[in-house]
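The two complexes that follow have subunit A in common; it is paired with subunit B in the first and with subunit C in the second.
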Partner chain A sequence: MSAQEIVFDNVSKFYGDVLGVNRIELRIPPGLTSIVGPNGAGKSTLMNLMCGLIHPDRGEIRVLGIPPRDPERLMRITGYATQFDAAPRWATGFDFVVSSLLLFGYSSSMAERLAWAALEQAGLTDAARRKVNSYSKGMRQRVRLAQALAHDPQVLVLDEPLNGLDPVVRAETIALFRQLAASGRHVVISSHVLQEVDVISDRVVLMANGMIVAEGDIRGVREEIHEHPSQFLIRCRQPARLASLLFERAPVVEARLMEGDGALLVLTRDRGEFTRILTRLASEGLGIDSIVPADENVHALYEYLVGGSA
Partner chain B sequence: MAVYKRGYQRYTGPRAGHLERLLVLPREAWRRLSSQRIVTALLALSCVWPLLCALFIYISNHTELWAGLDRGFSRMLAVDSTFFLTFMKVQSVFSVLLAALAGPGMISPDLGNQGLALYFSRPISRLEYTLAKMAALVWLLSLATWIPGLVLFVMQASMAEAGWLAANWRLCAGLVLGFWVWVALASLVALASSAWVKWRLIAGAVVLGFFFVLSGIGVLVNAVFRVEWGDLINPLRAAYGVWCAVMGAEMPAGLSLGTSLISLALMAAVLSLALERRLRPVEVVS
Partner chain C sequence: MTARFRMRQALVIARLELKRVFLARRSLWIYGLAMLPAVLFFVHALQLRYELGRARQGGVVAPGVLESIETGMSEQQVLALAGAPGQDRERTIHRSSRREEGGKEIFESREVRTRRMVYFDGSRRAFLWFEDGRLRSKDVRPVLNFAEDREVYAGVFQYFYLRLAIFFGCLGIFLNLFRGEMMDKTLHFWLLAPARREVLLAGKFLAGWAAASVVFTGGAMLAFAAMLWPHAGAGAEAYWQGAGAMHAARYALAALMGCAGYGSLFLAASLWIRNPIVPAAVLLLWEASSGFLPELLQKLSVLYYLQSLCPVPAPMEADVPTLLKLLLAPAAPLPPWLAVAGLSAFSALVLWAAAAGARRIEINYSTD
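The block that comes next holds the complex of A and B.
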């Protein structure tokens, strides 16, 4: 098994009679990976398995070559933030992060230094000396992120890390995730908000009912789905004319004029041929402003694969 | 992939040993305990009886203070197994009260916050977490039990005539061992209560109920059904049986060391199981 990947090999986990996850085959390379699915899809179970918090009933897991049953080695390379409001209310943000570092065996001075660095990364320096019970929801989310980051782990597993963050902090946090992923770390986040992960992830793992329904980069997954025609949203000055030309020359299944905003939604089963013809039409003076794939997003993929939105 | 080769460098500096790391938890728990005024007040109150016992030892070893009094009085002033058993009985009540006050805040906040996952995503096992939390309680209860007991014993040994220590060393071993058993049981009860009962007041009441109500039920069972197995659910009597045995004192009627040990072992097993069932890093659907 690869020492650079998180590997799930035919992993199943049941809670008594209740299915957690079933027959998971997954390899997660470095970068930003989002696990997406509705509540109860198995996202948190997958993350808990990754961190060794629970163990599979069947199958094998390796995190960069380390089995989760070896917590001493595994915990050194992983940073975990639960989706719950788990930080102790009586502690200050700084104390909370320092304590977690002391549990990793850092000296007090080193722990304090790393805690300040992590709190700064999470944008909590000013509030570090305040008690957690005085924090807003977003601040409590960030202090959990800080304790997960503080020991500089190679694998970050963050359960719903963007919940409760205001737009500015959310953008900063996403930028931080990207920066961490770009430095070669594994950043695995879960979310049930599809639009959110669509924008930030290198790859997505779509889950439903304890199983993986698709995984990979969003475009790659979309191209694998043949039963649903691809959708393109075209903005141009003459949408009606473009629609008729497309029906004449291109493999178009449906074209829908979007009233009022000069846009045309086109459905095709042959993306390659369609884009070739569209490129030629663009030079015929139809005034095409933009062509955007309308269903290369997690929301659309989810509808196609699971039959409902998350 | 190029991304593998970018800047990440893992920390390779020195780290504390496993035990040192584990001590972070009891230290933190102790800090919280010692910041509670009511716990400190009760701990201070628990020192009153040992102080009175110390005065008793002083008087009993200064014959000039009660010279001229009759023999019965001098026998009453003897520092023997009865003296130490009485000391243990009183201090054990204080230790239960302390456990009922301090215990409920040990685990339930972590469970309530769903915070166990944060502990268990560190290199800490469930057993180590339990032992670490227990260590803070054990230390608190030790301050009210075997530590003052040991001080009293040392005081008596230093004041008594030569030969007292050689003749009574078993009292010391019994005192310490007996209290260790008691402190372990009280800590386990407090932790189990904290793990299962969310509300501190009720959790404290459960601790008191375990020792006093259960003991009452045990006595009642023995009396109503004219049996002796009621002792098996009587923690006070079971512990007292062990104390008498280790101190070489006369066992209470109808009680044996075997019954006491079986009773305590059963209680410890049930409490450990209760903790094991509850201390999960994630909520388990059943």
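The block that comes next holds the complex of A and C.
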């Protein structure tokens, strides 16, 4: 198993009779990887397995070569911001981060220095001396992020890290993820809000019902499922005529007129041939204003893959 | 990682956990339980000191004087012997009598002059009752009874602290170390630390032990001090310089070892069994019935070792049924050093089993 990757080798986890994840085969290289799926898809289970909070019933996991049953080594290189919202009642944000750093063997002064740096990265220095249980949801999210970041881990696992963040902080946090990923770290985030990860991820892992339904970069995933029609949104002055011409000349599976806004949604099985013919039609005076691939975001892919259940 | 580093980690965990254990609202009843005997002994001490103060106000006679007063003496003789009494009250009562005369019942009533004098010799009070100038009865009662108070303390320690307070207090403290955090949904913070589960277990056990020991050893020692307080003076000083300090140390040791023994058992139970009431009830039953078991099996009860550490046997009335005597008295107590070693080994063994439970822990808040 590679010491540079996070590897899931045929991993299954059941909660009694309930399926958590099933037969997961996955290799996560450095960079920003998003695990995407609806609630109950198995994203948090996958992350909890990765960090040793739960143990697989079958299969094997290695995080950069370290098994999750060895927290002493694993958590030295891993930071995990879970989705669990509870925090110790006694702790201020600062104490919360410092206390976790003390367990790494840092001296108090070093732990305090690192904690301030992490709280600054998470944009939480102003509220650092307040009790965590007085924080808003977004602040609690950030203090967990600060705790996960504080020891400068090689692997950062973040369960729904953008939940509850306001737009400005969200943009800053995303920039931070990109920066960490660009520095060669493994940044693994989960989300069920598909649009928020498709623009920032190097790779996506799409999950449904405890299984991986697709993985890779977004375009790569799309190509992996080439048998499924590609989707284009075409804006033009004569959408009905264009639809008829496309059915006549191009490998079109379906064309749908979008009422009221002069647009046509087209599905084709042969993307290359379709775009070649469409280019020719554009020169025939149909008044085509724009052609936008409508399925190169995760949401569209996800709908294809799980049959529109997202 | 070196053993030294792991030990430091365990100490850091213990330090952080102590805050949580001490500040937890669910621990409040434990403080009440631990301090209850100290409060009762303190109230008793206050009452004794008040009585002593009152008795001293009337003057103190030499202890031998009380012995020399005998029934039949006249008031003047007693006053000449003992001087003015601390309390003196005279009154006249009417006493009726019945006699038969010539087959008739005759009722008579006559006046009797009574006098009640109270003398105090520093530790005892003598209540003297005179009728028509003669001493009819003498009742000497100790205000302070050090031997009795020590016996009462021994009973409170064995029956209340060991069998009740430490048992249920440790149940509350140690079950919460893991299960309480599971309920608060904060256990994952510990599991995500770069520490072995055994180190986490050791840290949490140390925190629980420190908290329980401070509460219960502190409570027992406060009660001991409150028991000694009214006897401050020659009696208590002699006791303290003789066996007293050693008695206090052994009570403290028994409380410490009780917290370790019961603590390790409840910690292990919280890691292996979901419903803590079941193991608590089984353990309570086992501990209570260990007197009936063969000696070898008795050694598997925490109480056996703790009773061996107690310096004074718990008082037991002569008319206590044999069956109950079996329950309350340990068979052939061990020497203290062996009791400490045995209980330490027992706790270590239980913690070793608990470590296996700690390695199995999974975070699944929805089902806990």
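Definition applied: the second predicted complex is superposed on the first by the 252 of 310 C-alpha atoms of A that agree within 3 Å, B and C clash if a C-alpha of one lies under 4 Å from a C-alpha of the other, contacts with A are read in each partner's own complex, and residues count from 1 in each chain.
Assume a residue touches a chain if its C-beta (ideal position, glycine included) is under 8 Å from a C-beta of that chain, and two chains touch if they have at least 3 such contacts.
Bear in mind the structure is a predicted one, so any value in this text is a computation, not a measurement.
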Would subunit B and subunit C fit next to each other on subunit A once aligned, or clash?
-> clash
Counting only touches as set out at the top, which of subunit B and subunit C does A:Q4 meet: first, second, both, neither?
-> first
Could you tell me if A:Y106 is touching subunit B, subunit C, both of them or neither one (first, second, both, neither)?
-> first
Determine, under the contact definition given at the top, whether A:S183 touches first (subunit B), second (subunit C), both, or neither.
-> first
Applying the touch criterion given at the start, work out whether A:Q154 contacts subunit B, subunit C, both or neither, answering first, second, both or neither.
-> first
Of the two partner chains, subunit B (first) and subunit C (second), which one does A:P29 touch, if any: first, second, both, or neither?
-> first
Could you look at A:H55 and tell me whether it touches subunit B, subunit C, both or neither (first, second, both, neither)?
-> second
The intersection of the subunit A residues contacting subunit B with those contacting subunit C is 15, 48, 51-54, 71-72, 75-76, 80, 82, 84-90, 99-100, 102-105
Contacts from subunit A onto subunit C in the complex sit at residues 15, 48, 51-55, 69, 71-76, 80, 82, 84-90, 99-100, 102-105
Any idea which subunit C residues touch subunit A in the complex?
-> 1, 5, 8-9, 12-13, 16, 19-20, 23, 184-186, 188-189, 191-197, 199, 359-360, 362-365, 367
Can you name the residues of subunit B that touch subunit A in the complex?
-> 1, 3-8, 10-11, 13-17, 20-21, 24-25, 28, 32, 109-110, 113-115, 117-125, 281-282, 284-286
Within the complex, subunit B is touched by subunit A residues 4, 15-16, 18, 29-31, 44, 48, 51-54, 71-72, 75-78, 80, 82, 84-90, 99-100, 102-107, 110, 144, 147, 151-152, 154, 181-185
